[in-house]
């Protein structure tokens, strides 16, 4: 019981899940809505609105059976048609949902009866059920889509009360929530507090109960306070040093390799994250069972990098501009770290900060050299495939990497019938990613929440979801 | 007075009209565009185009402007593209919060600043004057954001006395509401106090040298009457003007202070709009902010005219 | 003297050995040294002296209102037997406004613009007499009525800016009278006012002092006014009292050389026209310490060695009269007048004097009209008719002729002058200069004609660029005239400076390094540098002290005589005009109400306004009997109506005809014109204001 | 004409405060003990000490060196922006004041429009059009202050136009250009100099504010405003990162203010010789 006051660090643009793009929005998405499935704390997929599901042997026909008696906040019962409408809306280009690519694989869908929905896929896909754990794929009532942005209606544990842009979102307990006894809280107030100092101060004075995604600088301070506690979990959210493989000088794999060689990932993790992350090779985090332990984490070898550069025709190095999105502190620090670490290798990096909107429009996918970052994906396939497959959505728009061998491996992994097969394929994929270095992924970030000792039952989610169903405050 | 007011209003309308065109053009010239903002990372061109069509962004500029201006004249500020909500209520809410900040800060500044200015003028050259001058130098010496940071550090982090950010509606109780205002108000006061105190001091010194003050003394009026009734009334004229302009400035959004204290006013709304490239929101915010600023300036001039019997009657006469 | 010597009443105010200095960062200045005088109950004492002699300083010291680092060093100020200096500040404040009241020079700035007049008058009543605001309001109206305000209730509710200068000064006097003070301190209470208004105020003050048995300290530099209302007078020079005595005696038979000079330098209507005014050379002394010699010695024509080495003591008759003089030669000089180099020598008539007027005039003004501030805005509420500053004025100026323009403030004098110089564009009518339309010429970019017409300003300080040396300012006209040789130009500048009586070395000085009189000479020299034919002198001597004024008037007269210049001489002082002008225009409300040769204008028939102007001229004891004064109402009529501009204030107004029809112009002999509805014969019946002039100027000047 | 003992105290103190800053602005990079952008991950967030006089920031960069090198950026921002506003504003103001009529009216109305934006808003608007860079911030601040300069110049010009020495110049047939440049301009610059010196303060502060919100100088530059902005998350652990540039900023502002006050006193006509 009680009210939980939680802070996020940036304003929410929208409460319409299909259009959500930032972590703080996903916070709202998981409080108000549900998906057909859910990615649980152990990163496995579990039933949510769908009680169970079936897949055909060719992995192309998927049938989901909805839970009975689930009600939207407006009192109407959830029906299969809502699911169809939700996905159709995501597929509509005019909606502009980032999840659209995920569902391009869907050839057709159909509500077989009010509680059953069936999807026909264009190609076999083992991870289809996980896609419904994706943030944008929240199921929305088909008759209230137009007001979702300002007055969202979902099936989630909390009902929307009010949203004051720039200030707060107020949610109250959904008494008709389908999981019995949940949620425990009466009310959730999500406050928008961009200043990390203000967040921490509010946490110490008891004005906040929980700081979602605690700023890295503040961790030590919160840890030191006996009235507060810190909860942390490794994620597969990563930042990357993006090299456009189609642009000189990064079209030469030796140059890319040299850059990767010169970057000391341990040092970068220290600089950018104050150590609150783990060096890795690809979006696959070291905590993942498929992680390739045999590969070595780069220790920073400027001499070797220099040699490689000389081979590639840059004996005196070269000068390049590195773009970083303004206002993303870790990525800015990562940029500066790259600049320092590449200096001994003879590469002169000019760091340029770009406002985020300009970054999206003019830098991402267009510039030759920049820092970018991506949230955890619900499945290992969605975490890897789009970046490394030559037809992968992010790949074509990011670094234009292409290696047929990689494509074969990724396609194979999608249809892997067993864990072992998948593991072996992904181990090879990681090795190839390091060998070709389309870009450098130095680390995955830990997701950390700071909270008052009064808060019980909260566990940080590796997907950075804010799961408050079991939480209570004294 | 009426003629003057009418003239000023006509001017204001003209200025706002020109400004609306300017704002519209400048925002159009901004890099990046809404459709790709909405479409997000790596959206294909078709997606962007589809969104453009849906939002009417493919229309010629004049058509877009006409639609927008016509809407504003009818009190419709448009819909925020990013928030997907009508702008007016959001803006009004932010404006109301900025108003609260402005009024409270201004009252404090006026009372304290004028008192200090008068004290310094009366004690000209003495210790009190030097103290006031010194303190006011300190006030202007440091930028507002630096004061803000220091205040957060001292009152929020060390003393843990006051909330360092955010805003609580007064409906949740007076104390929480007031406590959230303290630090931003103090920062604003530190910024504005010096100017008001110095201005009051210098105009007070001028007025104290006038013949009518001398004559009031020659009538044997006690010094308190001379200062409060005879001198202050006249010395306040320039101060009133500056106070009103300051009011406009605060209303117009103290971007930095609102950012540091996470105060959800006009300034942060504007910054948010710019960062998200929400054109209608940017346009509406700038227009309202500028209109508020112009109105405050107008009020300043009218107030000045009204407080000053010379102008008040001069205008009635002509 | 009464036959029985009654015991002298104790003085109400007895100032003894008062020494006052101002100290600031640049050193100390002694503004008053060992000043002593006494004012008996019911007596009005005048305190005269030129600018900077310390008059105001003494007045303020009595009120304990010395500002800006002023300090009384020593001496006693006995009021009713108590030394004010020994009282605590609160004690002095209690006296101020109650038993010692004051009126200052400038009514326009002495009233608080933010408070109603009534409230300001009531303040001392409430403060000192414990009146309730309601009682005070009643008393305020009585007081206003007493100072001659006909509409006390309205005036009490008005703000100062809604009142004319005369009314404001009356309000200040009412304030001073409120608590029935014993002593009134008046610091030049009429200097800022027009002559006709001044005359009324002086009249009022004289009456009030009489009826209330008031004593007063009357500070003034106007000897005529002092003569009018003061029983005794104290002459101040450089912070030192040089002479004191009964007014009649001091002004008719001054004993101290400075007083002699002061009296002699005054231009008088009754004096022989065109004579050279005696003047006092040099500038006023600035004292930095106790005087070690006679303060006046550097400028005294009678000075001897002893004067320069020994301080002077006050000499009294010892017969109990108030007379005293601070000059050891006073006895010896008793009969000697102030020396005048050209006394008795009439000016030699020059080649181009009056005869020249018969040839084509130099300047022709034809139906000139000027309206300020009219606007034709698209916003209906902004359309304005504007102020008519000059309304249908026509006159001519001959070559070598001096035309005077007199009239009260706002009557359009300056506007006429500016129109003549093409500095302002006429709304209607034309100005021909030497046959050509000056405005057209200037508009078309031809500046040659304009250079032949120059201007000498009132404010000598503002008319020189503070960042240019005198030489540089005078060099430019020469450069523009195409004189290329710098050395030659330098010589010309030196010559011009010498011409106006300044050392050539002044070319290197900056304006702020000159005195007011010197600056005015530089202005004249600069005007001469373009080699003009015509000069407009707009109040060119009004801001100067009498002795300096005499200097400059002499210089202007000399230049006219030697170079054949024509002047338009604008002034509000009819005595000055009578001294220098050949012809005079009397303007009122933007129209010419009388025009003619000076000799004619000063004698009847007069326009009623001219008559009032003349009767308001204060005169000294020796100038003959006082004529009955014609006192005008304060109200200033807005010019530009249909009828006679002066109708509203005219004491001889005939009736509706004056308001509704513009007056006909009567012409007597010699181009003397009067615009008035009253028949000429009736006008001619009036007694002369200056009967002694009646036969004097029989031959037209 | 400047006699040393007569210089106003505030002027002297102002110069004394500013002198080291000017030296730092010119020679900061030579004087700095470390390169301003040299990171040293081993010694990050070090408190002030013998090695790092004002401590280090979160990248292990020497705060003292950064502040020193940042002097140039911060001062240049203020001075250049002010110079820009003077350069554009003075001629406009002169013309508006001297010409009057339609031209003058047009200029003033244009300024009215510019002035109806609150300064920082105008700055943001200008900067929002293109990716931020320091020179753009300078241009933006310059534009923000043009109307004030125009207004002041015009007001003084109008006042001077009433002066009789201008009338005298017109009477002797001077051209408009001569009157503007030889009669009016010399009388305008003293009040303008005072104004400009105070303007520099506003410009520096506004520049710092723009850098603070990320629209001015760009990292890794060590502009003071930017330094303070970047130090925000660390104020509590490492207050020196913010305090050092903060006090440098304060010194500059106080110094320039004093200089302005001193100039005002020095140029006050009531202070020039006898009067």
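Order of writing sets the chain letters: A, B, C and D. Residues in each chain are counted from 1.
We take it that a residue touches a chain if its C-beta (ideal position, glycine included) is under 8 Å from a C-beta of that chain, and two chains touch if they have at least 3 such contacts.
A quick map from chain label to UniProt name: B = ABC transporter; C = ABC transporter domain-containing protein; D = Peptide ABC transporter permease.
From a predicted model like this one, the values you see are computed outputs, not experimental measurements.
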item: Chain pair whose interface holds the most contacting C-beta pairs; value: A-B
item: Separation of mean Cα positions, subunit C and subunit A [Å, integer]; value: 90
item: Chain centre separation in whole Å, for subunit D relative to subunit B (CA means); value: 22
item: Whole-Å separation of chain centres (CA-atom averages), subunit C against subunit D; value: 49
item: Where subunit B and subunit C are represented by their mean Cα positions, the distance between them in whole Å; value: 52
item: Overlap residues in subunit B, where contacts from two or more other chains coincide; value: 31, 149, 152-153, 157, 259-260
item: Shared interface positions of subunit A, touching two or more other chains; value: 195, 197, 200, 327, 355, 358
item: Per-residue multi-chain contacts in subunit D, two or more chains; value: 128, 131, 232, 235-236
item: In contact (per the touch rule at the top): chain pairs; value: A-B, A-D, B-C, B-D, C-D
item: Subunit A residues touching subunit D - in the complex, by the definition given at the top; value: 195-197, 200, 215, 217-218, 220-221, 267, 270-271, 326-327, 329, 332-333, 336-337, 339-340, 351-355, 358
item: Contacting residues of subunit A [partner subunit B, same complex]; value: 11, 13-14, 16, 19, 21, 93-94, 96, 98, 100, 149-150, 164-167, 191-195, 197-202, 204-205, 207, 327, 355-358, 360-362, 364-365, 393-394, 396-398
item: Subunit D-facing residues of subunit B, complex; value: 11, 14-16, 18-19, 22-23, 26, 29-31, 137-138, 140-146, 149-150, 152-153, 157, 248-249, 252-253, 255-256, 259-260, 270-271, 274, 282, 286, 289-290, 293-294, 297
item: Subunit A-facing residues of subunit B, complex; value: 31-33, 35-44, 46-47, 50-51, 53-54, 82-85, 90, 93-94, 149, 152-153, 156-157, 160, 163-167, 259-262, 264, 268-269, 272, 275-277
item: Contacting residues of subunit C [partner subunit D, same complex]; value: 421, 423, 447-448, 450-451, 453-455, 457, 459, 462-468, 473, 476-477, 480, 510, 512-513, 526-527, 529-530
